[in-house]
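Down below are the structures I want you to see.
Two complexes are shown next, each including chain A; its partner changes from chain B in the first to chain C in the second.
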Partner chain A sequence: MAVPKQKSQPASRQEAQAADVLDASHVRADFPILDRDIHGKKLVYLDNAASTQKPRAVIDAVKHYYERYNSNVHRGVHHLSQEATFAYEGARKRVQALLNAEDDSEIIFTRGTTEAINLVAQTYGRANLGPGDEVLISVMEHHSNIVPWQLVCEQTGATLKAVPIDEHGALVMDELERLLTEKTKIVALGHISNSLGTINPIQKIAAMAHAVSAVLVVDGAQGLPHARVDVRELDADFYAFSGHKVYGPTGIGGLYGRRELLDAMPPWQGGGDMILTVAIDRSTYNDPPFRFEAGTPNIAGAIGLAAALDYVDSLGYERVAAHEAELLAYGTAALEQIEDLRLIGTAPEKAGVLSFVMDGAHPHDVGTILDQEGIAIRTGHHCAQPVMEHFCVPATARASIGIYNTREDIDALVRGLRKVREVFG
Partner chain B sequence: MPRSAELQRLIDGLALFPDWEERYRAIIDLGKRLEPLSDEEHSETNRVRGCVSQVWLVEDEPEQDPVRMHFRADSDSFIVKGLIGILLSMYDGQPPEAIVEMDSMKVFGELGLDRHLSPLRSNGLFSIDREIKKRAAARVA
Partner chain C sequence: MSDLRELYQSVILDHNKHPRNFGALDGATHKADGHNPLCGDKINLQLIVEDGVVTDVAFEGEGCAISTASASVMTETLKGRTLRDVEALFGRFHDLVTGKGGGDLDELGKLAVFAGVSEFPIRVKCATLSWHTLRAALEGAGAPATTE
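Then we have the complex of A and B:
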């Protein structure tokens, strides 16, 4: 077996460790980039909701693939191709196991969450939507869970509706219930909001959607990095995710889809590997997941993704979640002490996102000053313009927490924000 | 291309601050001093697409001055507004023939601010610079 594997701990041991605290200093040592200085200051990386850093295990897995068994998959009879295929399909099995999908054919590799959602919209959506039908999203969605639905609604004549959010940035559940009708064919919601950190009650929403025979598509870009995802427990019909947000490579992600739904879905992109037979006048298509993976896939990416998920699993998802919750509480309390700072997104169920605005200092300027201090945060509309509109702000500054962040990072952020206050007077 | 006295004063002034914090304070002050555009001028038509901050650019009618071009601009970010102030001190009141020849990247480089003018930087400054150049080129043609 050519793929280096991160040691995975048995579930019982993880449970036993659930009460333990994640040793962030130990975790930090696994991430080479965290040694960097920025503008002469120690890097404080708090832009994890945009993209996470990569542990040595992921970098090594990708490097090892290119150095030792790089080859195309599913095609060759030669040894390297078989090794590469074995590793690529092994990665699919790891993703399946970690998401608790029933079968590995339910995992389709994509470029990321965006492509996964577009895939559902253009296959399931296009085949099942028509005039009079409705797709239900929410105001807190990332643009990648809005625009693909707008496109398919334009193509099919279906109508797009959005569940409002309240002043804390939580879904208005009564409105969700009201908007869910027999007309609703697809409900597409984020597991965790990238701009607000709100954790949505996916399990409950799945039951509500299924009661009107709608399918539930979950945008899991921010979900998978923060919590153990069990697609069967969540009862999601589709779950889309990105590798680079969960300590894996960029350009790889995936879509979980329930097998009977995938079986009935027409192909999207055409090309090699997705066909059974091709004649000039017609072709027949391969079974899922291959039907939806046209062309040579991101082999190294898939291998890196599996290494990343194994890495997080080895730390223990429960401990990761507990660590982030602790830092979120610490950071929230600290930011609340800063004069004229307003947190945007204060839902009771929240993941490690601290989105805020400061009176007299535009988020761009906050980000620019913090950058000089070596602190990386995101500023802007976070590809969630309807959220910005809801809170009547053009943009926010957002610090987002990952597994390697510490209280010292939050302290550095607070010092940086005090400097912003000083500079802007 | 000789520089205006105002621009040279700005460059010399900023060069006095070796430390980034003081320099940003000076840029922010510059931004605060720049005359804001009117409510009507903060329009979609005048808006230059940037990602993080909003930027508006107004060019005064050529009839008022057939020889030179006059620009005013605004941003909701004080740092961006200050940087725009530097850009405007280069371009405002110059004939289009001079504007197309100007090297804003060089000026920003001298100030150690060139990364703000990079096309990769989503602050709207690159767009405003390109827009001014485009309009000047159209006048020259």
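Then we have the complex of A and C:
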């Protein structure tokens, strides 16, 4: 992703290396799975937008929890429960620190982005929407940032509107401005598009939304893996993310929400941990974040998530972003050399996603042929059917870049695509 | 590449590039839509059945090479077959692409070129979409066929 390089001029080349450049071979050694052969070929993993691989540090953190202090949180007086609670709440503090949230009560653990967005829709949305109100999304959203809003609009009588995108896959900002009115109560947009790679100008959109007193919900599933996210700088009211896309476990993710918004929100799911007192006729509810975390949470997942964020932080977000930007530029240039290949998503501000279609070869066939070469990419509609419709394609093939990818991976992809040409002429 | 060559046989590539019986059919007695949500493949199948015999069949839609070729070869194979033949053929074809044999390859005729699909379990649904759609059309089920 395009993040400004270090501003101060490094004194020497070595310093430049240390400051700016991610040592991919060092990173690769941290990911046990990258040793694997697939169909007799070295694994080339380019499906990071779907899910990332896990470094040893994450695997070990999860394993250590299960082997040494597995226990429920927030309830036992015994030692293991205290350790587990300490680790779980410690994970929340790590997430808070890394997102630069003001308070750790602003971090709610969820199963992932999908659950986080549903949570906002069913609590904040349900409480604040009514007939005549509008929710504004965009055409490039993942289904998980479309369907929850359709549901809550149906329930409340509010109307769902979508900002169009241009031929490069960037938001049409004039249309956004036009669609944003006093009726708009919620603006829900992706930070980075999973199908196109487009990076949206969140900070600017936050100012526009706040000018009409709407809240901004950011789908950060693809944002957090690629850039340092500072929720206060972005001025997002809610920020949803998934652990498995940022080198952490599946089944864990979270929602950042501004405390005064969370305070006013009704609970979503009912159960243990989210209550203060329960009588048969009524209950009183706990404070955020616990009000929104009914039941035993994914303790191991939260611990693994914190380990993952620490891992990425140790590499340096700026270096991660620079590394991915470099590979994106290299990959874009390489794919442009392939005959009859069209890149889908060419916005000026773009993260490491290479979505494409090839004349005469369906993405599904492209995926199968690449798989035989050990290359993992995603093919299909990427849970973004409106995007496919916009570009008039049934599906795309998508290579997406992560921290352990190298130029060799891109070269392997290009060789694989030449094989596709051999088969399909 | 050997499994790949098995999968993408020249007959399949040819039918993908030049699908047979592609288009709409006048006077269709049976029709159905099929959809594979996994990859977005879509097919519309139309048939004319007279006295229990398929006299004409055509399809439209878009999909990967396997699903397009499978639909194309299927339409060629169906013409002149009785409905009972058709059902038996589907069973054999299904066995073939799922690696359960499929019996006498001669009886499968050109359909035998899809044997390589059995090495690619993820692609079985591509090969069978047109057949599921066929069954939906013949059963007159109102709902579109899906591979799910």
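In this section, the second predicted complex is superposed on the first by the 406 of 425 C-alpha atoms of A that agree within 3 Å, B and C clash if a C-alpha of one lies under 4 Å from a C-alpha of the other, contacts with A are read in each partner's own complex, and residues count from 1 in each chain.
Assume a contact is a pair of C-beta atoms (placed from the backbone, for glycine too) under 8 Å apart; a residue touches a chain by one contact, two chains touch by 3 or more.
Note that the coordinates shown come from a computational prediction; the quantities given were computed from them, not determined experimentally.
When both complexes are superposed on chain A, chain B and chain C occupy overlapping space and clash. Contacts of A:395 after superposition: both chain B and chain C are touched. In the overlay built on the shared chain, the residue A:342 is in contact with neither chain B nor chain C. Of the two partner chains placed by superposition, A:93 touches none, neither chain B nor chain C. Residues 361-365, 368-369, 372, 379-381, 394-395, 419, 423-424 of chain A lie at the contact with chain B in one complex and at the contact with chain C in the other.
Against chain A, the residues of chain C that register as touching in their complex are 1, 3-4, 7-8, 13, 17, 38-42, 62-66, 68, 120, 122-123, 126. By the touch criterion given at the top, residues 360-365, 368-369, 372, 379-381, 388, 394-395, 419, 423-425 of chain A touch chain C in their complex. Contact residues of chain B toward chain A in the complex are 20-21, 24-25, 28, 51-54, 76-80, 122-123.
Listing the residues of chain A that touch chain B in their complex gives 39, 361-365, 367-369, 372, 379-381, 394-395, 419, 423-424.
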